[in-house]
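Each of the two complexes below includes chain A, the first together with chain B, the second together with chain C.
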Partner chain A sequence: MAVDRRKVAIFSAAFVLRLVLVCLFPSLPDLLTGRVEVSTPVNSFKRLQEGLFLYTRNVSPYDGGVFHQVGESHAMQLRGFSINSIVQQAPLLLPLFALLPDVKSNPLPSAIFYFIVDLVNAHALANISASGQSVQSRLHSAIRKHIRWDGGSVAAWFLFNPFTIATCLARSTSVFTTTAILFAVSNAVSGNSINAMLALGLASYLSLYPALLFVPVVLLCYDQRAPKLPKIAAFIIQNASILLGSVAGLLGLSYLITGNFWEFMSATYGFHLLVPDLTPNVGLWWYFFIEMFDSFREFFLGVFWLHLASYVGGLTARLHRQPLFVITSLLGVFALFKPYPSISDASLYFAFLPLYRHTFPFMRYTFFAIAAILYASLLGPAFYHLWIYAGSGNANFFYAITLVWSLGLSILLADSIFAVLRDEWEQDHPEARGSEVKQV
Partner chain B sequence: MPAAIRNLRNKPDVLFVRLPNVLSLLCIVVGVVWLLLLPLNEYSRNTYISENALLPGQVHAYFTGSEQNIFRGYKKELEVLLNEGREEGVSQDVAVTPAAHNKVHSILQAAGLKVATQKYEYTSAGITHHGENIYGIIHAPRGDATEAIVLVAAWKTADDELNLKGVTLALTLSRYFKRWSLWSKDIIFLFTPDSKSGTQAWIDAYHDLQPASVQPLPLKSGALQGALVIEFPFEHNFRSLHVVYDGVNGQLPNLDLINTAVAIAGGQMGMGTNLQEMWEHDDSYQARLKTILRGMTKQGLGYATGAHSSFMPYHIDAITLQPKGEGWEDEMALGRTIESLCRSLNNLLEHLHQSFFFYLLMQTNRFVSIGTYLPSAMLIAGNFTIMAIALWMRTGYYSDSKTNAPAEKSESEKSSDTKGQSMTEEKTKGTPVAERLMAMPLTLVSGLHLLGLVPLWMFNTLSHQYFTTATYVFVVVDVVLPLLLAALLSSGLGLSAPIVPQQYLLIKSFTLLLLGLSLSTLATLNFSLSFMIGLLCAPLSFIVRLQSPSAPVRFAVSTIGLLLLNLLSPPIVLLGVCWYTGVSVESVMTQAAFGWDVWGMWTQVVVWCVWWPAWLIGCVVLGSSMF
Partner chain C sequence: MTDEKGDSTSPLATASSDSKPTAQRIPPETPEAISTRFLVIATFWAVIIFLGFPIWWKTTSIYRAHLPIQEMVDWADGKTCRPVFPLEIQVAAPGMQSPESQHLLRTTQHALDDLNEFAAHHLRLKLTNETSTAQQTEDSMEVASNGEEAPDTALTVRVIAQDGLVVPKAELHADTTQLDVFYPPSQVPVPSSSNPPLSVFIAEELQRLYGEEKATVAHILSGEKSGLDSVNPQFAESISRRLRRSMKYADTYHLSFSLFTPGPEPSSWDIEAAVQEYLSPLLHAFAPISNFTVDTQVQLYATFSPMAPPPVYDEVEAAWTLKKEDLSAFVNAAEWPLNPSIGNGPTLNFILYVPAPSQAPMMVKENRASSWIVPQWGGVFLLNPPLSPAGKGSNPAHLSRDYLRPAFMTFSHQLLTLLGTPTTPASLPLRLQTLIRIRAASLLLSASSTMGSLARLTESLPSIPIPATVASSVSITLSHLSSTCSHLRSGRFSAALATARVAETEAERSFFEKSMVGQVYFPDEHKVAVYLPLLGPIGVPLFVGLIKELKRVVAGWKARRRAAA
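Entry: the complex of A and B
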């Protein structure tokens, strides 16, 4: 394989930038690890370290009954009610991190491990871009194919995105979910459905919600192999069984590690589903569930999850000609409506958007959306400071800003969907190209 | 009205060029007028005590009579020890001699307090500040050592005078308070060598956040609920009490604390109170406005105005009480005021939280709260955002001159080969939408903002004797750098496609967007700083790259414009303010570096990473009309 010079330059620049940041500001990773915008209970490196401590001493980190007062993280003081387990991350991460040297005494190896994961993610993203699926798929061919960025630029947008850098430096475990999702997609665009399903299985195992991506990923695989595979139903069932098999395998491995199946299941997936920890984050759930009467809790949990899941059907049906864009939009939806979103979810969505460079001319509110996101990313930390440290503000300050953040993301999401739909429409109606349209 | 809007659509020139200018100017004018309206009765409110538990002035203060004899005794002892020390050659720079220092220790111990000391050392701008704090704790007879009040007496006041009577008063109070059985919170008496670094070292160490050069505290109490700083730097009796309340970075104590102090001093003790060095306050519009403006200046500069300032970042409400003027109030009256204040704080059931944290005081009993005054800074910050949005729209939907359009297109086609970007004009039926060439503007704007780190680092690490020279060097740099950058830009940097006029608009749009973003964020943290920087940057909204046909006219106008803009550059403004107030540049910069190193002050970050880059880019845009 010929080495692409530009790509090497971008990758090494991204690596050096991260290294310089860590070396110049040694306190930066710990600062970022503590930020609620970056670290949520389900991806916090600090919690993983606490769990690792117990794990390396042969105490189950998922058995909270005895240990739930051990944790001294700042987040714990803010909790709505007590949580049993220290760790909410998947069990397989524990032996992985047990291999790395101790973070307290020697932080560099684990930091470099995260840098490399970021580069691997960027590589997968470049592959997705190189496949050209975003402009030319089986059922769709974009009109403005010539306006696009190559893999190197797309990777650069991902690698030099401040949100990606912050996530990487904070050593958030959601980067592994990102890796798994990117690998699932990059295998899907080359039609390698088995690998795609295995990667998606890993993503679902790590964070649960990527399982919702199953339908568009299968469609993406099917698009690649359509001429040879006439029966889509059989293809879906076949892939679903691979996915289930891979998840079952991973769960089995986890059982071998932890020794108590239901304990870790309830500590990880139960935690994702039932949202017991209402530590503030950039999402929309925490404030709502703090304010709610307990008797309505189960009902609204159901409603919120149903709302999140309902986008899969709608987007897949409407945009079935471009399954890659369904995945992109769903990632945006997840970044908005997940129970524990962080900026890493937004950075994954922003990583996919440059693939749709050819629809940018149709987008109408980019500037406003980006301005709203910028405002939120500056005002968020400021208001959090006023609330928690200065004591002169309160929770409503921060929540208002998370609303602005969500507004910015949803404008961007809606606008990108509009642009892609318009692109499809122009393809269907060549006679009407260039005419003004109105969204109703 | 609908007809007017329809008309606008047909006149893109008005919509995209004139209207934003008018709107921006309107925002600035309304913002300033808004601030000027605040002192009026219609927009301000009388202060009131929000926290019912405080009950200011409801208890009798017993600090009288015989305590005065003890005060005189302590004072005599300390005076003798200080004078002996001076004769033995202790330099005048040090307020306290070792013997007097030990005496404080022994008096506190004799009064039955637990006493401890803490050594500290700070180095900033090549100057070393060191000293030793002494503090004693009265454990609450009715409490469980979970909460405490701090009384601070610094040997040197905020104005660098010897605070002998203040220290003596604190010592007398420690002995007096120890005998009361009604305290439900611990009371900590803290004696620091100066008002600048001592309290900072102590409060950092109290929260275990001290740097390596500061010793940890051997003795601690509970969460601090409030702090009072006592000053009494002269021998004669005083007339009124000056309440100083500004914290580092413009953070303010809860308004209830100030209200309590004013209510006790005025209502219970019958002495007057002053704010912001307004000795003659006739409650007129001018006096109110002057008080607000003085308060805003202190808040905006963000420096510590006294020993109390260091407490604010830890969410501990604190004020300094300074006796002022010649009158009949003696140290016992001040002591009773402090006793009554401590009794009020002692009543608190929870941390002060009821009243306002964001306010502008215009009189001891009148204020405006954030909801009323914030719009003025937000309007000024908003003017930049409006301009940024307008410029963005303009680059997309409106071409300035029809003649330029084909040239732009050919240039962009060239660039599309090299940079993989293209500028396609979507010819729609209504308005043309142009693709924007954003790579260069984005790089330039972010690069110049990062360049601000250089002066930031330089002015915080240089030794103090070079500050004046460095400032003048920076004045020259500010003249040369924009011209250099403008020349470089118009020559295309020698590597990529030459810059097109659209990119100048984009550069301006991005820098104004960032400026608006930063200033509106800042307005929520430090209203005054945001307001001041916003006003100083206001001309940047209206800077354009001149495109008039004749070169000499362009050259002349842009030279004059650059000269005027240079008058508003950060170093020139600094020099101007120093000249006006008669303070030396070196002392200001030394103080600033000290603030950065010790107090955690971040005014410089705003100056060098928000104001200066925006100003620089404004100059580059204007300067580019020469080339």
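Entry: the complex of A and C
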């Protein structure tokens, strides 16, 4: 029970820390909600509130016609004159939040709701860590198993990560996507493929892109249940139908809520796919599409989405022995290349990384990557302020910082992949352990 | 972004490359590693080929609606339609017997055909019943414009016997389309005479009436280059002068009437009533040709431009005079608020200038005129009102409708000139009819040539998109052009102008379609700059990987063949 007591201590400390932050700085949640690094159009709590206001008054929050403003000039969009629908979040969040008391008059219940969601996430993460999938799977067994953190430490790393705290305080709706992904993975590591698929369906329903995690999650489930399930193709098809069924069920529920299927489909998934709102964020899309000629817009939307999706096949093929690491790397890729990334995506990636503590000794650019990420996180808000409020900078200031942020993340991503590959290679060639390697 | 792709593929390369330096100590890559690498490269290329290329094809393909290119070029080249202008002229000879009048008609037609050297524009005489009067002519005109088949009647000639005349005499009604020809009763053509003097007289009179129109039409049809000298040299000067002054045709003109005065008075004018009374009838008559909007303004303390030479007091005339060559500087374009354009369509400015009492009366030095036309811009009228009796040396505070009468008579005349109305036949309805024919011809030509330009544009730039709206505009234009042509052929000129206006509007719309214009300035070379910065860095590692893999496969295949052989 010693471990449990430690976990309880960590969880309550995280809860109290958040509560203290909210109570000591009552304006902090609203400040964070307005930050572009935290809130993107697809996860902004403010937009959800506006939609909720309409929803509770029986006005469709998805009315507004996303497609009418695809060709809108970017100057208009930068100044926030977007005329798209108010909400880009999935419809099921609306009745959920309608249950909570009004945020303006009584912010604490919803804040505490978010704290609890964070704790639940941490719990799922601790479960994943406890399963030991990261060091010991069906086809792979790491050599340095002894160098690892237990579930409590991984959960603490997640809970006390400033990015996670900021996301939680900003009440970003990507928290729920995080929850769904974490539950999918934690069910997958215990071999519970049906629950995993249902959770992944929820994640895909909320944010679309987690659907790309299907293949590694199925592989992860398969690894757990391999002795009993000889046919992988049938298993994949079975799980794909569960995933499709769960997504269809959620969409059906949403249809019951909104009453207009295509309206909310175009306002949510159309918004994810077509990227009409080019409000600055920490990602790489907005600047590119501001500069892009209108006639090439569709083509490069295709290129960017394919680029994002193309990693699934390559990473899964190369790292098929460690599907959990494929999921980790893909989460890193998403944090980099998705259309509306925020620091919550990075925080999810950072939550998974400590599972691979045993490969850290192989990483060579940790200092550089961490320095770049810290540099970007400190200077990003400053440069955004210079651009938008002080007027002494321009869009390039902020974009340069997001490039540094992406550089740091990508170095971390590539380095971790290298470390895991090196670990695999050492397992295959035990005689060469400890020899110098050179990356070409 | 670019280094990202390189980074994430480099671990793939790592698996193979980090074994090479240590190859002397450990066995080379296992077949499993090789097949994994092959699989990795294959998945990337599968995404590119099966998803990337279809998306590229779908999103960068250009929608080009089908245009009837050949038909458009034919219109532009004038192969489809040769515009002709058969004018129907009704002849009424109430005082003659039927055979006599028919003989008169025949001989006059002969004489006309002999005089006419421009085949596209010809007059056709037609005998009407004897009681034809001006009133009935009006009726028949209405019927003609209502009924589809009957051609417009251009002119009614009434041949009336009058005693006490030696030679025939013609009299054109100024406000109707009627020409009265008086002849001495002795000159009634006898059926035996082949060339009676009355017929010759009528023919010459008609020829004179339509001379200017004929020259103008010839000028337009010949492409405004060589037509002037070849057809009718005597009209060349007047036509070119008129074309220099008149505005380009527009569907809508904005008329702007401005009262300028250097002092505080007059500060109001009875402009609404004046426009209503003096101008509205004219604008109404112009309705088939163009639409008009009218706006007005009063500007007090409007001073001359400092650059302009001030008026000079002339002792002989007892008036302040402006030199003719200084008139171009009269309008103070920098300070007087004269809108260059209101909405779409050109603006015609009419300026009523009331000089200060200290400078009144004002006139043009050379010809004592008080008004002039600014070519393609508008007209100016100097109004010298009687000084108000109340105080010596002050202008009246209000200009009543009657004060404005001379000014508006002049403005009407200037408007006619600016709109390109020909000068010669004294009758206004005839001049307007002429204008209808001239405008129909020029619109037909201009819409046709726009079609030709559009056809050439789409042919020469295969990369510009052609939206469906352009195709539908083109088909509307072409159908209206052909109905214009058939209306012209059968002499229904008002209908021809109406269809030609639609054709011109649609032709302009299709030619200036926004989504096409934007693409014109996007040449193919720029696509390199669009594609390369992102796709180049992504593509290089992918291609290198593919080539390495292919080399390996080819080498393995060769080795196997050698082993087999």
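One rule holds in what follows: the second predicted complex is superposed on the first by the 419 of 440 C-alpha atoms of A that agree within 3 Å, B and C clash if a C-alpha of one lies under 4 Å from a C-alpha of the other, contacts with A are read in each partner's own complex, and residues count from 1 in each chain.
Just so it is clear, contacts are C-beta pairs under 8 Å (C-beta built on N, C-alpha and C of every residue); 3 or more make two chains touch, one makes a residue touch a chain.
Remember, predicted model here, so these are calculated numbers, not experimental data.
Of the two partner chains placed around the shared chain by superposition, neither chain B nor chain C is touched by A:8. Once the two complexes are laid over each other on the shared chain, residue contacts for A:310 go to chain C alone; chain B is not touched. Once the two complexes are laid over each other on the shared chain, residue contacts for A:16 go to neither chain B nor chain C.
When both complexes are overlaid on chain A, the residue A:232 reaches neither chain B nor chain C. Taking chain A as the reference chain, the count of touched residues is higher for C when chain B and chain C are set side by side. By the document's definition of touching, neither partner reaches A:96: not chain B, not chain C. According to the touch criterion, the shared surface of chain A, contacted by chain B in one complex and chain C in the other, consists of residues 435.
On the chain A side of its complex with chain B, the touching residues are 144, 146-147, 149-150, 153, 361, 367-368, 371, 374-375, 378-379, 382-383, 385-386, 389-392, 434-436.
Those residues of chain C that touch chain A in the shared complex are 1, 3-5, 7-15, 17-19, 21-22, 25-26, 30, 36-37, 39-40, 43-44, 46-48, 51-52, 55-56, 58-60, 518-519, 522, 530, 534-535, 538. On the chain B side of its complex with chain A, the touching residues are 251, 313, 315, 351, 353, 357-358, 385, 388-389, 392, 420, 422, 424, 426-430, 433, 435, 513, 517-518, 520-521, 524-525. Against chain C, in their complex, chain A makes its touches with residues 284, 288, 293-296, 298-303, 306-307, 309-311, 313-314, 316-318, 320, 333, 336-337, 406-407, 410-411, 413-414, 417-418, 421-422, 425, 428-429, 431-432, 435, 437-440.
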